[in-house]
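When the chains are written out, they are named A, B, C, D and E in that same order, and each has its own residue count from 1.
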Amino acid sequence: MTGLAGLPLVSLVTFLPLVGAVIIAFLPSGRPQLVRYAALGVALLTCAVSIVLLVGFSAKDPAFQFVERADWIPMFGIQYKVGVDGLSMALVVLTTTLTAISILASFGPIQNRVKEYMISFLILEVGMTGVFVAMDLFLFYIFWELVLVPMYLIIGIWGGKNRIYATIKFVLYTLVGSLLMLVAILAAAFTFQASQGSWQNAFDVQTLAAYAQTGAFGGTFGFLAFGAFFLAFAIKVPMFPFHTWLPDAHVEAPTAGSVILAGVLLKLGGYGFIRFALPLFPEAAHTWAPAIIVLSLIGIIYGAIVALVQPDLKKLVAYSSVSHMGFVTLGIFVFQQQGLQGAILQMVNHGLITGALFLLVGVIYERTHDRTIAKMGGLGSKTPVYAAAFGFFVFASVGLPGLSGFVGEFLTLLGTFVANPIAATVATFVMIFAAGYLLWMFQRVAFGELSEFLRGLGDHLTDMKPIEAMTLVPLGALVVIFGLFPGLILDLVAGSVAATLNAVQQTAPVALGLWR
Amino acid sequence: MLSALHGLSQSLDAYLVLAGVLFAIGSFGFLARRNAISMLMSIELMLNAVNLSIIAFGAFSTSLNVDASVIALIVMASAAAEATVGLAIVIAIYRNRKTPLVDEYDAMRQ
Amino acid sequence: MHLLPSLPFAVTEATPISFVDASMYPLLISLIPLLPILGFAFTALFGRRLMARWGRGAAEIVPVGTVIVVWVIALLVIVPALTHAEPFGEHGFETKLWTWIPAGSFQVDLGFHVDALTAVLLLVVTTIGMLVHVYSIGYMAHDPGTWRFFAYLNLFMFSMLVLVLASSWVLVFGGWELVGLSSYSLIGFWYHKRSAALAAKKAFIVNRVGDVGFALGIMAIFVNTGTMNIQDSIAKLIETPAAALTIPLPVVALLVFAGAMGKSAQFPLHVWLPDAMEGPTPVSALIHAATMVNAGVYLVARANPLFAHAQEAMVVVAAIGIFTAIFAASIAFTQTDIKRVLAYSTLSQLGYMFAALGVGAYAAAIFHLMTHGFFKGLLFLGSGSVIHAVHEEQDMNRMGALWRKIPITHWTMLVGTIAIAGIPPLAGFFSKDEILGEAFKFAWFDGLAIGYVVWGVGLVVAMMTAFYMWRLMGKTFYGESRVDPHVEPRIHESPWQMTLPLVLLAIPSIALGMVLGLPLGDSMLSRWLEPVFKESEAFLYGEGRAYQLFGIDGYLILASVAVATIGLVAGWMLFGFFRTRGRRSTVEAITNANGATRFLYRASLNKWWFDDLNDLLFIRIGGRVAAFLWWFDRTIVDGAVNGVGFVTRDAGGGLRRIQTGRVQNYALGIAIGLLVMAGSFLLIVGQPR
Amino acid sequence: MTLPETIPFLGFGWDDLLFMTLAGVMVGAALLVVVMKDIIRCGLAMIVCFAALAGLYVLAGATVVAAAQVLVYIGAISVLVLFAIMLTQTKSGPGSLVFQTQAFPAAIAAAILAVLIAIVVAATDWPEAASRVPTSAVDLAKTLFSDYVLPFEVVSVLLLAAVVGGVFLAKRERGGND
Amino acid sequence: MTTSDLVLLAPFVVAILLAAAILVIDFIAPGRTVAALVVTFVGLTLVGAMVVVTGQHPGTAFRGGYVVDELTTFLDLLFLSIVALTMAFAPDYLEGRGLPVAEFAAVLVFAMSGAMLIAGSADLLVLFLGLELMVLPGYMLAGYHKTDGYSTEGAIKYFLLGSFSSAIFLFGLSFVWGITGTTSIAGVSAYLTQVVTGTGPLSPGLGLGLAFLMTGVAFKIAAVPFHYWTPDAYQGSPTPVTGYLSVGPKIGAFALIIRLFGDTLGPLAAEWNIVIVVLAALTMTLGNLVALTQDNVKRMLAYSSIAHTGYMLVGFAAYGAGQIQGLEGLLYYGAAYTFMNLGAFAVIAALQKRLGVTSNLSTFAGLIRREPALAILMTLFLLSLTGIPPTAGFFGKFYVILAAVQAGSVQHNGWLTGLAVLAVLNAAAAAFYYLRVVVYMFMRDPQGELPSLQHGRLVWAGLAVATVLTVALGLFPGVLLGIVEHAAEAVTQLAG
């Protein structure tokens, strides 16, 4: 079944940006403004299409919808197969929205080589959307790798002064993981082929998942293959101790880059776990879960504590990402409905909130060309609107009920508690640290008298410009809406969650439990 | 006891060992000499060793007898071709470097 | 014998009273929190412009108006709820707006539950809230950020109302966090003051410590009962046999209590409250005396069956409560900042309430919550008025002899003082006496020793309270003036917007006790609240006990009145009344004493060194730990990553050396390779097949 | 008069003697080629070596190959080499050192190689190691132009290519250096 | 020799004639580059046509000495495209340095004919001659810029080591021939089958022969530890030649391996496969590690080509372990590698049109400003070399690794699985040095503004072809897969 009017909507959402990129490539680079608006137009159009998709999507039925398939490399049963279920749907919309916002947010900051920048960004969007809609492992892998290149350029060309180190680190680190995953993918596909005697659908996710239910991917093979997947996704998420590329990448990346990095790229990891790692290797997933849970807990607490002492705004937010994404992996690997739903919700929220925080950091960086917290102070009196917006998202990130951050975290914790109270207790303590680092940061930035450094800037230190506000308003609105009506997302993903859970057989919860 | 050597010329092994020795000598020359042309000559020695073994094989088997000679001839020809090119190259580089000593051609390394 | 029999609800057998049609209540109840948040949104968005355009009045009208409207609506709900009219009945009325969190078996309604207990809290919150709003008009008359202030106040009203109305634990937690937020914003209202900023942060974070427990408690409740609705879950919890519970009941109760400790600033989480006095005085009155800090008490009272069925937990609650009471009182002795004295007294009184909850005197606790709300609100607003009069001076050492200059403030505060001291017939007496009496009887009849402790210490605290309150009065209003001479001539009574609330608060401080506390032993309030607590009380005491005015209860009354009087007299001796006599010497004698006295004095002065302890633990040591972890991250974790890279590259650097550029070397390499190859082949061939 | 079957006192056949002599000469000459200092002498030694080799071919009955050996190697290649030597000798003569620094390891490697081959040869039982049979030129021609016509053609192409390239490389650049 | 023989051999013959023709043209009209080029390309197309035609009716000629099957056709076409592409971007470079194009073309065509011979040979002797015919011109091409010290130095190193290895190869050949008594691949194969089945003896002599053969071949494909010549020869040679050398002889040598070890020694796979595995591991790893530290792009690509040899060997090892996919992967990889690598060298050559431009990294600094088109194309090729989808390079890697994994899981052959893992780790490491070039092109500022060059139409055409193929082979591998499959089958048929 294809789209509403028989349109291949999913492919449309995926490749529209590519078309846009091609068109932009032929625009005169001499007229950046034209290029900017063209890119924004494309992004908005894509966003609109994804909304259409969302409208046409029926949350009732848990199956994949809008599925399009065509043989691609029949020799290996590789097919072009895309479609969306609730989970993909949510993340696709998140992607298109954040991309549009990021492009808008780049109008001011990006002044040189605008054309290349916009093209890279649109291609990046293709990659990200593709990952979320791909239903064929091979296709998925291609999009997965495709994401690297534009991000590599975005950080490397438009980044800060240490950008090259950061970008190469980012690419190499990610590449190691994903290449091992490739081996695992091949092994899985081949195991299937060997048993079926034909390559038919050997890379088809659903087929393989169904096949996995027969316990075919168990034992040592499953263990190792899952390990490969785990590495790839854990690096992307990123989980402790694979997180060190993140602070560097964030600090060096241009604002919009950070937004997308935190907003979508990190989600690729979580999505991968849910969509591929668990259904394909349920047995191994259970074997690995305790270790992963422990790592997540470490990440949650550790990230928060390290964030406390960061002198650089972006680094602080980066480490907070480590902490927040720890909830995602935690929620996933307790194999428990609330946990999983919470994890997904957390992914979306983290995308919105952290994205917004990076935008805000970008706003101040635009004026000061500095991100050192110590130099800030007293913005509350000089730029009240900015301070207010900052405060809003800080508290959203703290997990204030009524804003979206809370529900995701709470559900994750609850799910964890059901599975394993001890783990939940440890994780819950992050409530304190989170409040600690965020409020301390906010106090040092917004409260007190205007700092020497800022006073030195004089009139350069203006309050938020309309265009900057425009990037933040939608995010803020969504944060409130999802805070009050998390059901919008929860119902959307309920189907996928159920599917995933009975794929991993929500049987034995992790056996670290005190009361188990 | 010298009669142990009787029929030496009748044994394939003798020829092959001889060939092997020649091959070894050639390779030694190739490894040890500095002069390009000496190395070239060493290679010729090795090729001859090959020929010798081929002939030997032919000499001791009726079926291979004729083929051996043919192959040997062909090898010779190709050796000649190699020599031609090799010498040409040696001369060319000598024009640039003014020395035939190969171990001084190390502008490119690592 | 009833005072004010004219009051509609002051009839012995609670006859149901309802003003509107039952079908209206869902709407009314929803409006109560809804209006303030709208007021907040409006003021936050347009307040700045309105104020710039048409002056502060334009910015104030909406928020203040909202709260007054809310008060009216609230009354329409409170009365029938207290009198158990339909649809409230005995077990209250529940209304649901929408399902907030639909996550499979975990369903959280965004809904409200109103019963007598809720109603009592509503009464306190809306009434005092309204008065404080009015008062603030005067108090903030010169502040450039008035609009912001009122926006925050409305936000607070919303949060607090959500907290008390919520029908599900998660929503309670929501309000819980939101009051934290508003308190944060209001404490840090003068954000350019570093101390204010720090105090705000401290308040939020310390509260969070308690919230961790509360959150875990909620999860535990869900794991045990599978529902988040307060009523249902409690019912399930107490009827499930202990063995069948995943998480033992005492653990659950204590986790919930942890939350209460944070919000109600019980030891050792009390540190934030005194600092919170950095906020504007109306805030201190509203949030940090009358309403928010009572949230903890409300929570425990709300969850009373949990505690009743988990005696261990009750003991802990009582112990912590009574300890906080005396601990805080001891500090209040020596503080010179007028607001801090009141803050510590608040701590102390909250301690009373928890002690009461700990000994099963739920009604008494709520009673004290109400009375304390009013007279402490009064005292704070009064202190605000004083501070206002002496031009933002808070140090009592720079006051004195003010009673003639600001009479209204003085008289109202005097009422408050006597009320808190527990002198009949003012409000404080009834509630405090009920607590002490219940505690003693709890031990006497049910043989739980903790009761004696609570009673004994309680008496001491009562005495101390009377003493330090009089000290406050004396240092502020009596004796000779120590006011800054430049300010001296310009001292004046506050505007009516400020004095009016004082008067309005003085009335209940006097009368409330008599209205609700009589007849002794079978008071109006206890009858209202009876449905909420009867299950627990039945469980704890079995059949109710007859009240013996001329028996045990009489002696207990005498005892408490006696200690209160002693305290007052002592205060009078030391800090005088109307006219000074040479009494300062005695004070100095104490302050300059040696040995134990001196130690106690300094301990009290330095608040038992708690701030220093926290500073050491969390700032110094914690900071070190964090710094170390960061170093670890950069050097070890990241170092490992980069290390792999370097090793690889250096390996390359090493390997490239074999490329010497000399043909013969290459040839030798090839030759050796040839030999190895030949060798390996011969080995392979040699293998038997 | 006829010679006895075996040489008196020595106890092995005449052609054995011949074989040993030729082999000795060949190996000796080969060694000289790789060790002598003066490269021109090396060239001459190589000629000797090739000649001895031709002798061995005759002994092995491959007369045609022997002839070719004389023509191609002694007649063509050696001469070519000598020319090259003349062209590339600087006035100062060859560099002071004949041998690479690694001559010693090279020697060892070569020795091992020789031994290895020898052992293998000894260890292998060769197919139908009967007695030698002489090769008739006629058969050879037949075979060459029937079975081996493709290699034959290819060799000619090879030579052509070699000549073309050789000429290009060796010819002086017009106005080039030197 | 019959007419049918000639028909099958036609492509080869035509190639030779083409070479001759070019020489003649040059003789008639010296220095008329255009004429020579026209003839060359016309001729190449002609040869291509012949290849396709003869490819229609497979068969053997010269009493089994020469065989035409899908493999032959595939390889021939590959060689043709290699030569064509090389000729496309060579002239700009050569003329800039006053080097004659005609001779270059002629010699190149000779080399191609040699490669074609290897592709089609079913006889060890022919195989050897083809090899000679392929590499001798190679030596000359390496030294083609004879007034340049580097070029000639590279040439002599290449030549000396090359002929050394030829001698070794030949020695081994003689032993194998001496024992099996035939030079025909089928014959040798049959003999070995007897050995394997135990009806015939497996003598040490044969082992030695195989070892020598293997060494010779390993040298030609520049497998570690026989790779020494590669970096110097590649760096020294004129860039177009380097481009050719990096693919032509390599593919040719792999054709040799396939013919020799794929066909001939198939039965002995069990014996030599472990050796291949070790070779593959060493080759990838050393190639990549050393490439990490190179600052000269040509030299870096030389080491990278060593690494790629390693990847192809992985495929071959998988084949040795019994997975036909391994062979297919190897062939596919060959094709992919051809186009992406030639493309990369084309870009370098184009940049070096300006005299005195080195191939150091610094040359590429800020290229995106000076020559955006070239920079973007270079990036594409480098990404493909890295193996980032969706490019030819990725699918090539995908294919060989798939084969290795299969072999690993089918025969529970831990070696192969380990090899697969090692391969991907290498690929990750390789990303570093390829991306380094990208860093220079996009993220560094050029030192000294140079005016952008004018590049001939041929160059652009060549680049266009390379680009299209690099992308197409990545996105739509289906087309080539079919051919590759048949080619691989052909091999097994010939052996069995």
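Just so we're on the same page, contacts are C-beta pairs under 8 Å (C-beta built on N, C-alpha and C of every residue); 3 or more make two chains touch, one makes a residue touch a chain.
Every value quoted in this text rests on a predicted model; they were computed, and no experiment measured them.
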Chain-contact steps, minimal, separating chain E from chain A: 1
Mutual neighbours - chains that touch chain B and chain E alike: C, D
Label of the chain whose CA centroid is most distant from the centroid of chain C: D
Per-chain CA centroid nearest to the all-protein CA mean: A
Winner on C-beta contact pairs when C-E is weighed against C-D: C-E
Distance-maximising chain from chain A - centres being C-alpha averages: D
Chain D and chain E, separation of their C-alpha mean positions in angstrom: 33
Mean-CA-position distance for chain D and chain B (Å): 6
Chain A and chain D: spacing of chain centres that average the CA atoms, whole Å: 72
Chain A and chain C, separation of their C-alpha mean positions in angstrom: 38
Where chain D touches two or more other chains at once, by residue number: 100, 102, 106, 109-110, 113, 116-117, 120-121, 126-127, 147-148, 151, 155, 158, 161-162, 165-166, 168-169, 176-177
Chain B residues counted as touching two or more neighbouring chains: 23, 26-27, 30-34, 36, 39-40, 56, 61, 63, 67, 71, 74, 78, 81-82, 85, 88-90, 92, 95-96, 102-103, 105, 107-109
Numbers and ranges of chain C residues touching at least 2 other chains: 645, 656, 659, 661-665, 667-668, 671-672, 674, 678, 682
Touching pairs - complete list by chain label: A-C, A-E, B-C, B-D, B-E, C-D, C-E, D-E
In the complex, chain E residues that touch chain C: 156-157, 160-161, 164-165, 168, 196, 198, 202-204, 206-208, 210-212, 214-215, 218-219, 225-226, 228-229, 231-232, 271-272, 274-275, 286, 288-294, 429, 432
Residue ranges of chain A touching chain E (in the complex, touch as defined): 72-76, 116, 141-142, 145-146, 148-149, 152-153, 156-157, 163-164, 168, 171-172, 175-176, 179-180, 182-183, 186-187, 190-191, 194, 221
Chain B - residues contacting chain C, complex: 27, 30-34, 39, 102-103, 105-110
Contacting residues of chain B [partner chain D, same complex]: 2-3, 5-29, 31-38, 40-42, 44-45, 48, 51-52, 55-56, 58-63, 65-74, 76-85, 87-92, 94-96, 98-101, 103
Residue numbers on chain D that touch chain B, as the complex places them: 6, 10-13, 15-16, 18-20, 23, 26-27, 30-31, 33-34, 39, 42-43, 46, 49-50, 53, 56-57, 59-62, 64-65, 68-69, 72-73, 76-77, 80-81, 83-85, 87-90, 94-95, 97-100, 102-103, 106-107, 109-111, 113-114, 117-118, 121-122, 126-133, 135-136, 139-140, 143-144, 147-148, 151-152, 155, 158-159, 161-163, 165-170, 172, 176-178
